[in-house]
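Here it is: the structure, laid out below.
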Amino acid sequence: MIYGDKKTKVLVQGATGNQGAFHINLMNEYAREVGGFGVVAGVTPGKGGQEVHGVPVYNSVREAMAEHDVTASVLFVPGKVAGDSIMEAAYNGIELVVAITEHIPVHDAMKAIAYAKLNGCSVIGPNCPGTLTPGELKLGIMPAHLSKKGNVGVVSRSGTLTYEVVNELTMKGIGQSSVVGIGGDPVIGQTFVDVVNRFADDGETKAVVLIGEVGGNLEEEGAIAARDAGLSLVTYIAGVSAPPEKRMGHAGAIIAGGEGDAKSKIKRLEALDVTVARKPSDIPVLLREIL
Amino acid sequence: MIYGDKKTKVLVQGATGNQGAFHINLMNEYAREVGGFGVVAGVTPGKGGQEVHGVPVYNSVREAMAEHDVTASVLFVPGKVAGDSIMEAAYNGIELVVAITEHIPVHDAMKAIAYAKLNGCSVIGPNCPGTLTPGELKLGIMPAHLSKKGNVGVVSRSGTLTYEVVNELTMKGIGQSSVVGIGGDPVIGQTFVDVVNRFADDGETKAVVLIGEVGGNLEEEGAIAARDAGLSLVTYIAGVSAPPEKRMGHAGAIIAGGEGDAKSKIKRLEALDVTVARKPSDIPVLLREIL
Amino acid sequence: MKLLEYEAKDIYRKYGIPVGFGFVISSPDEIDGRIRDFGDEVVVKAQVDVGGRGKAGGVIIAKTADVREESEKMFAKQIKGVPVEKILLEEKLPIEKEYYVSITIDRSRRENVIIFSSEGGVEIEQTARENPDAIRKIWVSPLLHDIPSFMLRNLLGDAPKELAPVINDLYRVFCENDGILVEINPLVTTSKGVFAADGKFIVDDNALYRLGIEVNRDLTERERRAESCGFSYVELSGQIGVIGNGAGLTMSTLDMIEILGGKAANFLDVGGGAGEDRVCSAVKLVAEMPGVKVIIVNLLGGITRCDEVARGIVKAGVSQQVLVRLAGTNEAEGREILNKNGYKMLPTMDDVVSEAVDACKEAAL
Amino acid sequence: MKLLEYEAKDIYRKYGIPVGFGFVISSPDEIDGRIRDFGDEVVVKAQVDVGGRGKAGGVIIAKTADVREESEKMFAKQIKGVPVEKILLEEKLPIEKEYYVSITIDRSRRENVIIFSSEGGVEIEQTARENPDAIRKIWVSPLLHDIPSFMLRNLLGDAPKELAPVINDLYRVFCENDGILVEINPLVTTSKGVFAADGKFIVDDNALYRLGIEVNRDLTERERRAESCGFSYVELSGQIGVIGNGAGLTMSTLDMIEILGGKAANFLDVGGGAGEDRVCSAVKLVAEMPGVKVIIVNLLGGITRCDEVARGIVKAGVSQQVLVRLAGTNEAEGREILNKNGYKMLPTMDDVVSEAVDACKEAAL
């Protein structure tokens, strides 16, 4: 249990869109598999009264909360309204918002994350795949079949690269305590530090795989937090070949003002005595060495 | 220890004014008496480099924090700049601000308290006498000589009425764990609930005296918190004779829109099985009965 | 301090809230040549701070041709005892539906609270009793400069979306002008758009300086004088004058008077550090009030110097009996000064109040 | 997207930031009859998005009488290879002192950060190296609509107080117009007051719709086409075309190419749920780039259907070799379709990259 467990009741905001409906189904398939509650309600303004894969849809979070005791929400709304939706969840007392949405204006994200904090609500993302605790809970879009229960925590700014690593780990027999995609945007809610601290507290995690990329300096902060918490750590940084000032897919993956390039990140991590993998397939090998 | 102890290092904002200087001296007299640090620095913009009763004055909280490891600040600045001063303390990582200042515009107070919360800073007041933990720490303007160490927590929206009650308690041999004046303004930082919860956690407090007045409904919330925390409680509500829509001294002591009058407050408290004293001098008697 | 309707609307207008065409006059002469744009009918509204103004005859609809005559009549009226000094003349709006919106501060949540009702034109208390489902509330953090969209959706429910920007503008009026209460009742939809058909605005007395308001009109002359001395002062109707330091202690003194069967004449909190001159002014101010038979001075605190207080009381030299309860520095000296000058100092609050109540009862016999 | 100086200043002006008298021209003819208010001298500034514009000849001071001639010369220039399409003509300010101010987002603190230096007119990086004490920073919560006074005091230090309102206005420009970076360098004090003598503004690509910007000028034609397909696309200069799903996976593929001694031609993230048509477009787009010898398609994920992806690759039918790594639903079917059409599907990322690098090396022999 890191961001929730079987007993977590989940809301989906943006429930009636293609993506929302598709992933409500997948999340609930997983919930049935592990015997959890999964998604119990959806919200789309103006679509109240509908059902999506058997899940009732409401016009507002307030209406949904009046009927269901949800504590986490997963967001599939368009970028233009995502900031408002995060705030709506936080206002209504939801403790965790997983914002899958990409292309949120960064000022909207910044405001919504600050407002959420003021209301005691944590935000994962935006522009993230969400989180998966094998055997317990899937919040978001991670392909659950790649994962296997175990004691390695995986935290990453990326989506598919995470699946790649999780796949490698599972194939090599290394299970995961939880997998968290914190998102590829420049401003995100839960950072490496927050997730590492949750790993330190979850009673399951023995080692952490931290998958970073160019831009910002959150990886170093996360590595220090892992060291302080006494967790073993293997890191990987994508983008050693990335040119400066070009946005590499993720809005946050940009080497700006001479800061945040992968090589100097790796140098700083190594200066902290942190193991850095050269390529994803090296991660299981390095992990075996330190475990 | 509730909001601090002997080891708490204190900053005074508005150090060079009459009130600030006068109370720096009194706080430090008390600190010397109990062997504490007391006020170690003061701030008044433009007066950096001066000294007040031997305490160095700085131009900004940032400058003071660079030299001193303070965790609490007491505010004596004028109402017009008090909101800004609270924010300055919070921005610089101070954990507790005691805002003695009265006549703060309520929107300033509301914003500053929210901003402080966002920055992990608690605010006592504004328009309050501060807090006193006998034998440990005085933050604010309470007359320390009336008080005596013991295990009754006193929390009040009032200043002198608190001294009256503390005086009665001490004279009857009932000591206090801490005395907290939360302030007479309509919007205040720490509420009865917050203080009661601190009493519940301080390991010293056996019973609580809660002194309320007309306006708002914070007393009821505080009484419920005390009940939930298993603390014995005696309350007193000032203003049974207060006419509606008139501000009785405190900006917050106003019966508005038919709400917040003392008689219905008392009725609601009694409905919660809470002991309500008719007059201040009854409090020690009632306290003896339940202790 | 309460603003009058036309003052509130002047602020609304600045924030882009439509208030309809109109102007305020202080005499019927000011109408001359300005009635062109009204159409057939004009709303004539007395600018008085009185609840239920409409029912009391303070609002009438006049034919435009008769507006001067009707204004003259209105100026001659008193609305619930208040003389009409200003009149607001306004176009009559083609109202389709009336709504209610107000913003105030929720003390417990420490946030702005916006109250909306689909039943405008009646008092919100009445709607709360009769049709509570028509009322919706949202709470807006003081750190938000605009109302988030989801809140406006929750607030409006099925009401027209075009009300949303007006409510957001009103939120800015409230936050940026130190509002304590702002209310539009009714907020109306018309074929010409949304309008604020009435306007109420109470501003924070602690922020009048920011709003360019020099005199708090809500205060009586004596209250204003008390304020300029730094006292908190409220006039009541009894015979026992009360001077205390600290709002709570003073309130508590008043309560004990009531409990013991007396009636307080006033509430006067002299504030912190009461010296000779302040005490003297306070005693004189209270003694001036008609009907005051006896005065209680109840001061307590670390900073208060009892000798100074005693000298202030003696200096005031008022004709009424002054009963004193003092605790603080130099208590003994204070007692001596008072005793020497024929004043009585009592040891506790209970004592001083009960003696004052008794003295009044005796006087009444 | 970067705005040009005159566009940035248009926004500054709306927020009350003084920018001096001036106007922008697209041809020297537009000067006629408009030079009255300039005084003796005019600043002629090429509107090009180029660092070090001044040193490259993009800014000159002309006698007002010569402004037409100097503008003609400027239009004929290329500044660091960029043709001059617009010129800003501005009054020459009587500068007393130059300051620097910029606002950007601190990713780690998730707050706006304001950087001020008492040494304006030089690049902030240079000041940071040579006189770091001249630089001050403050962090402003995104929930604050104005910069608190204490922050402005901390930021300015001994600099003139009159800079404070301009910095607050700039903060509003930044927050209300989706700024990523806003910079005034130099911000100048003059005998006529404070002025923004230059203006830089980068806006959030995700918010262009709110700013009324339809086309992101920062993109090349091919990048724009990729964007309209929903791809994230960056052009590089190697021979191995790369298509991946997810930014991290695609970046990682590029890195492995470099590690193994190859060079990537591009970065292309097709995004989630890549179907037949999207994959086809992506392959075609990459194949179009000059110099691409081999293309890697590296797709992984739960939603991706391998048969659809395979069909997309086959449909594109490009001349270059396409090496595929696929994992997801219907993997076997995908492999069959690819094999049948002469494409190679490899089991891991390491395999597909190493084969592509080898293929390029062979081709180079």
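When the chains are written out, they are named A, B, C and D in that same order, and each has its own residue count from 1.
To be clear about the criterion, a residue touches a chain if its C-beta (ideal position, glycine included) is under 8 Å from a C-beta of that chain, and two chains touch if they have at least 3 such contacts.
All of these numbers come straight from a predicted model, not from anything done at the bench.
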Longest centre-to-centre distance from chain D, chain (CA-based): C
Chain pair showing more contacts of the two, A-D and B-D: A-D
Cα-centroid distance, chain A relative to chain D, in whole angstrom: 27
Separation of chain B from chain D, taking each centre as the mean of its C-alpha atoms, in whole Å: 52
Distance from the mean Cα position of chain B to that of chain A, given in whole angstrom: 42
Distance from chain D to chain C - Cα centre to Cα centre, in angstrom: 56
For chain D, residues contacting two or more additional chains: 141, 143-144
Chain B: positions in contact with at least two other chains: 114-115, 118
Touch-based graph of the chains, sorted into line, ring, star, complete or other: complete
Touching residues on chain A, where the partner in the complex is chain B: 114, 117-118
Chain C residues touching chain B - in the complex, by the definition given at the top: 105, 107-108, 110-112, 125, 141-143, 175, 178-180, 204-207, 209-210, 232, 234, 236, 244-252, 254-259, 264, 267, 269, 272, 300-303, 327, 348-350
Interface residues, chain B side, partner chain C - complex: 22, 26, 79-80, 103-108, 110-111, 113-115, 118, 141-146, 156-164, 167, 184, 186-187, 191, 211, 213-218, 221, 236, 238-243, 246-253, 257-258, 262, 278-281
Residues of chain C touching chain D in the complex: 141, 143-145
Residue ranges of chain A touching chain C (in the complex, touch as defined): 45, 60-62, 81, 84-85, 87-88, 91, 115, 118
